[in-house]
Amino acid sequence: MLLHLSTWPEVESYLAGRSSIILPIGSTEQHGPTGLVGTDAITAEAIAAETGARTGTMVGPTIPVGMAHHHMAFPGSMTLKPSTLIALIRDYVVSLAGHGFTTVLFINGHGGNIPTVQAAFYEVYEDLRREKGADAPKVRYALCNWFTMPGVAALQNELFGDREGYHATPSEVAVTQAVYPDHIKSAPLEPLAPVDPDFHDCRDFRARFPDGRMGSDPSLATPEHGRRFIDAAVTEIAARYGAFLDGA
Amino acid sequence: MLLHLSTWPEVESYLAGRSSIILPIGSTEQHGPTGLVGTDAITAEAIAAETGARTGTMVGPTIPVGMAHHHMAFPGSMTLKPSTLIALIRDYVVSLAGHGFTTVLFINGHGGNIPTVQAAFYEVYEDLRREKGADAPKVRYALCNWFTMPGVAALQNELFGDREGYHATPSEVAVTQAVYPDHIKSAPLEPLAPVDPDFHDCRDFRARFPDGRMGSDPSLATPEHGRRFIDAAVTEIAARYGAFLDGA
Amino acid sequence: MLLHLSTWPEVESYLAGRSSIILPIGSTEQHGPTGLVGTDAITAEAIAAETGARTGTMVGPTIPVGMAHHHMAFPGSMTLKPSTLIALIRDYVVSLAGHGFTTVLFINGHGGNIPTVQAAFYEVYEDLRREKGADAPKVRYALCNWFTMPGVAALQNELFGDREGYHATPSEVAVTQAVYPDHIKSAPLEPLAPVDPDFHDCRDFRARFPDGRMGSDPSLATPEHGRRFIDAAVTEIAARYGAFLDGA
Amino acid sequence: MLLHLSTWPEVESYLAGRSSIILPIGSTEQHGPTGLVGTDAITAEAIAAETGARTGTMVGPTIPVGMAHHHMAFPGSMTLKPSTLIALIRDYVVSLAGHGFTTVLFINGHGGNIPTVQAAFYEVYEDLRREKGADAPKVRYALCNWFTMPGVAALQNELFGDREGYHATPSEVAVTQAVYPDHIKSAPLEPLAPVDPDFHDCRDFRARFPDGRMGSDPSLATPEHGRRFIDAAVTEIAARYGAFLDGA
Amino acid sequence: MLLHLSTWPEVESYLAGRSSIILPIGSTEQHGPTGLVGTDAITAEAIAAETGARTGTMVGPTIPVGMAHHHMAFPGSMTLKPSTLIALIRDYVVSLAGHGFTTVLFINGHGGNIPTVQAAFYEVYEDLRREKGADAPKVRYALCNWFTMPGVAALQNELFGDREGYHATPSEVAVTQAVYPDHIKSAPLEPLAPVDPDFHDCRDFRARFPDGRMGSDPSLATPEHGRRFIDAAVTEIAARYGAFLDGA
Amino acid sequence: MLLHLSTWPEVESYLAGRSSIILPIGSTEQHGPTGLVGTDAITAEAIAAETGARTGTMVGPTIPVGMAHHHMAFPGSMTLKPSTLIALIRDYVVSLAGHGFTTVLFINGHGGNIPTVQAAFYEVYEDLRREKGADAPKVRYALCNWFTMPGVAALQNELFGDREGYHATPSEVAVTQAVYPDHIKSAPLEPLAPVDPDFHDCRDFRARFPDGRMGSDPSLATPEHGRRFIDAAVTEIAARYGAFLDGA
């Protein structure tokens, strides 16, 4: 059930029995010579939609631009400052909590978002505590990074081994190929060399990773792989967060 | 050309010859008993994509949640505070300007966004002036509200007359039907009565407009109407903003 | 009745029967070779004071500096960032609402303020909703731009035709002459040429409008014209906003 | 020379030889049973205007609303939060510095403004240091509280002795009478008792000082006293800040 | 009783009978050729701890970095922007007030902190007023600058006369020597010359006071002096703020 | 080498050869019935000081209050909002970078700080990118959480096994005992039961963990254990971050 394809009376009916919503969060950033700039939003949105469908949970709008400073030396990358992303998440979850969506699961497609999303939860908790004290609504947040779940990691290892790498990975590229099979890109790729997945600012990132990949071989990706990753992720999310989404 | 379906080398190639980008901005808010909560984002995104295709202009990610305080008394509505939306737009356009996207056309689907988007342009201009003075990049912004363009208004009048109304209108609902023909909703609607399109806060809005419509009859909408509105809007945007998008 | 010339017991008495206040908002910015830097504040203040007198409404302090980024390439212009102006308006109206001034009419003398003032209303509404929910005070705001009211526009057309222009207009200059007849300035003016009232940042503004006027001939202004504009504006404001100011 | 009554070419001429500007800052707050709500703005503006006239210095717009939390339990009082006032002062002085007004003297009419204005100076200095480093403009700020200057204090003592008090004082009321002789108010006043000029929040203030005065007898004020205070203050400001205003 | 060396049940017991807490605030900034960068934090912490011990008052964590823009041209100096320091103080005192610490005495070691700390008190008062109105907790704040108390000033004069100066003074250096007798520094000092304790930004400060001292002779300091200053300060604070700390 | 016990010429000498600084960051929060409220600041400070001594690196002031919302239901706990902590860290590191401290290692004693500190690094990187572009100083940040380093975890396991738990752990309590052997607290402790180290807001935390511990048995701690943990942590930090601190 997608919020943007629902009417308000349909939302009202849903809230009569449920209090959960899934919010996909991605990023708009370079993903190497062949990965789509929208990769992280596309993957999060697809996995969130399928999770919503299987668990009967409402899915809200995707946050398409996240915290991607480290990719800003590549054309097309966009970023929010962490402080802006905190304000945005605060506004999203406070809007939703006011209607009764007190249980929020973020399904995240981008590692760079993790700290800021977690900080945002505490910004909201603390604001609510100060403003409302004991009367504050009992909101609950959880953050699921689909690409690091154990079952997904096992599949990454099985399919790609150490060619999975850390950014512009074949697993995420595969998911975008499953979603957009008409937008599969190819380009010559430099041979892989071992990488140190550590960096400082965006200049340092580009100096270390000149074509944007971090030790990955996205040429291994296929749409069929993508479908398997979606299925593995959704299965695992439903198992791990099912009780949470049911309000338990 | 959609940014999220491009690779960074493709963006780099585009920027070798062009400096324009289109940013769709919508809202996530009630649209009456039969309109989709995502209406304003869906319409802006569809019209932006088609405008990009016809004019060869890059189209960036849609801003799905805007300034919709006045709809917050209806379940499912979400809003950013104006100050958050200003920060978000600043981050978007500053990110893009750094790559050379110095000409930005916002295609907007929601009247409530207009003041804040305009305020955001001046926030950015003034920040750049203070930080960089004469060296500030020569960015240019424009805001196009597709639903009030003269040609669109003429078509609204031709097709729906005074049943177009002010919110949850048949024209915008028709566009969503063209985009999502499998998600056309129906529900009994109270008969239309004359309305005063004026209101204060969200409580006042709901008291005046109990089912969320403002003097509109969305039952008149059809997908075919929607296609005509998309065409009319895109034709007019291309004519009016063509030179702007070409950097002139 | 002017707030700054009242004592607090007088304000208390007023609030026993009324809940309305008028807030003039202007700007401090260039107005061409002969217009005063304070034009927009002077006109808003004069029209607000007269409106208050005729309708028995309290008039608060004038906001003298508004959003005038686009004039910053001319000496003497001052601007607030939109985010600062939003914070200021929030503080003004929240201060006043705490005393019972729940109905606020802004009388505005500067087009550049419009988006930010409107955004500020929603910032306040949304803050109140979040902090106080159903207990939030029922505040109501309205924005009146005196210079675009139909009766004023008719008089502009009657007196000046297409020599009214868009900035440093004879109508606003005339109002300042009526208020400050000892400070009427003259200077040689370049002949008028057709203008496109569109611009981007402050550098672009000065490049397009080198002496600060936008297609206007302020040499047509006289103090007598100014008195007629004040009267026309106040008459129209009293008619249009009378019920609002009475709390209806 | 008043900025709001000047044209931009006049400002340009002034800046060819001078870099100084005076900014009056007041408050909108209760001043006891007979004092005007606008007292602090009226006094600062009058003394600033006369100082400007005697020293040939440009005078900018008056800040009419300052930091007056402690008076908010009395109707008609308005306050900015300190953080808002800091942002406002930053915008004022950065706007002016961009034109060459690098020397700014604030003439202040309200004790409650003092800490925030001083904090604002350092906010600006530190922002400029971070943004521009060694290239930052060499701006200079000074704050003059007219009501505590030694010569003014001597006159307060001579005329009113210990009936001057701490708020709603006869000296400040006298200055408003000199400026607005048609708005002299009278009311029965409780007899004076010794006060402890110390308080916490606005509830505490009203509990300690029920009619708004702090140990003062404003019934002693006359317009003639007001003229003497204006003269004493301006004479002393010109002597103390003359070299500063000349850019030395 | 030091908060950081207490357990939460000990704090709970304390709060059963008391509502006071002392917060030391210092700075991290140059103190001349021989003064420690941490001087202001060291002195505030030592005097606060002893005050807490003598009066049985809880002492919270020291704020080690304050507002020290004017010292930033010397290596090792650190500063918060005033707006950051206001936010920090707000968070400290709101955290504490929530537990029942409604009476807060700041013991301050740095003149540059004074305006911002005072502004912060009003930021908190006004936030509480807006958010909670009549239900706001009755918090009370006081700021004590140990180095300007009359008894301390008398001792400064007795021991050092006009060699006390304004910054990197023998009195504050002596206190650090009493606390850290193993970290007494010496260096050749330029002979004293009369100084004007006035300055603008940090560049101006260093130009006027090239080695960081302001008319002081810290070579006069001894640990024994330091012990006398601590005793004088604590004695005076206990006398002046005793009733305040007892909740009277 | 401790910054607060250095003079500015000593800092200048250090910076002639080095660009590194260590910043300890802790928290002020409940640590169970026997743990000190200042535990996380005490441990971070002790380990940072010893790391500085062994590696010859300057150590700056400890941040004593961090992000501890989840402990706010226990008396004595203090918290910054994440947005405040971001601003504070920005001010710290920007202050230091201006002097040449471009390499900053945070040694952190509190898990709740991790997301916000990481978000702060990107806030600074992105601000510098926007303000200075290619001229931005090449700052580098690293965050070390001493309590989760592999060698420390091995020692936790060796000494305490599954009685280490997640909060108010014997390892951190032991470190405070080593630092403050005169402040070792004891109290009867409820028997340990298995815990789920997951929680939402501070009310939820206290409901799940009524005495503040999370599955830990701090009665196992001894000062000798504390010395071993300090040594293990410092050894490991020096090995892992040595090259980083040397500017490599």
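Note that the chains take the letters A, B, C, D, E and F in the order they are written out, and that residue 1 is the start of every chain.
The definition used in the following text is that contacts are C-beta pairs under 8 Å (C-beta built on N, C-alpha and C of every residue); 3 or more make two chains touch, one makes a residue touch a chain.
This is a predicted model, so every value here is computed, not measured.
Mind checking the rotation angle between the two copies, chain C and chain E? C-alpha superposition, nearest 5 degrees is fine.
120
So which of A-F, A-B or E-F is the twin of D-E, meaning more than half of its contact pairs are the same residue numbers?
It is A-F that repeats the D-E interface.
Provide the C-alpha centroid distance between chain A and chain D, rounded to the nearest whole angstrom.
The mean C-alpha positions of chain A and chain D differ by 53 Å.
Chain C to chain D: how many Å between their CA centres?
25
Using CA atom averages as chain centres, what separation in Å is found between chain B and chain C?
Between these chains, centre-to-centre, one finds 29 Å.
Residues touching two or more other chains, restricted to chain C: which are they?
72, 79, 81, 83, 98, 129, 131
Provide the residue numbers of chain C that touch chain B in the complex, in ascending order.
For chain C paired with chain B, touching residues are 67, 69-70, 72, 79, 81-83, 86, 112, 114-120, 122-123, 125-129, 134, 136, 138-141, 200-204.
Note which residues of chain B are touching chain A in the complex, please.
2-12, 15, 28, 30-38, 41-42, 60-62, 64-65, 72, 74-81, 83-84, 87-88, 90-92, 95-96, 98-100, 180, 183, 185, 187, 212
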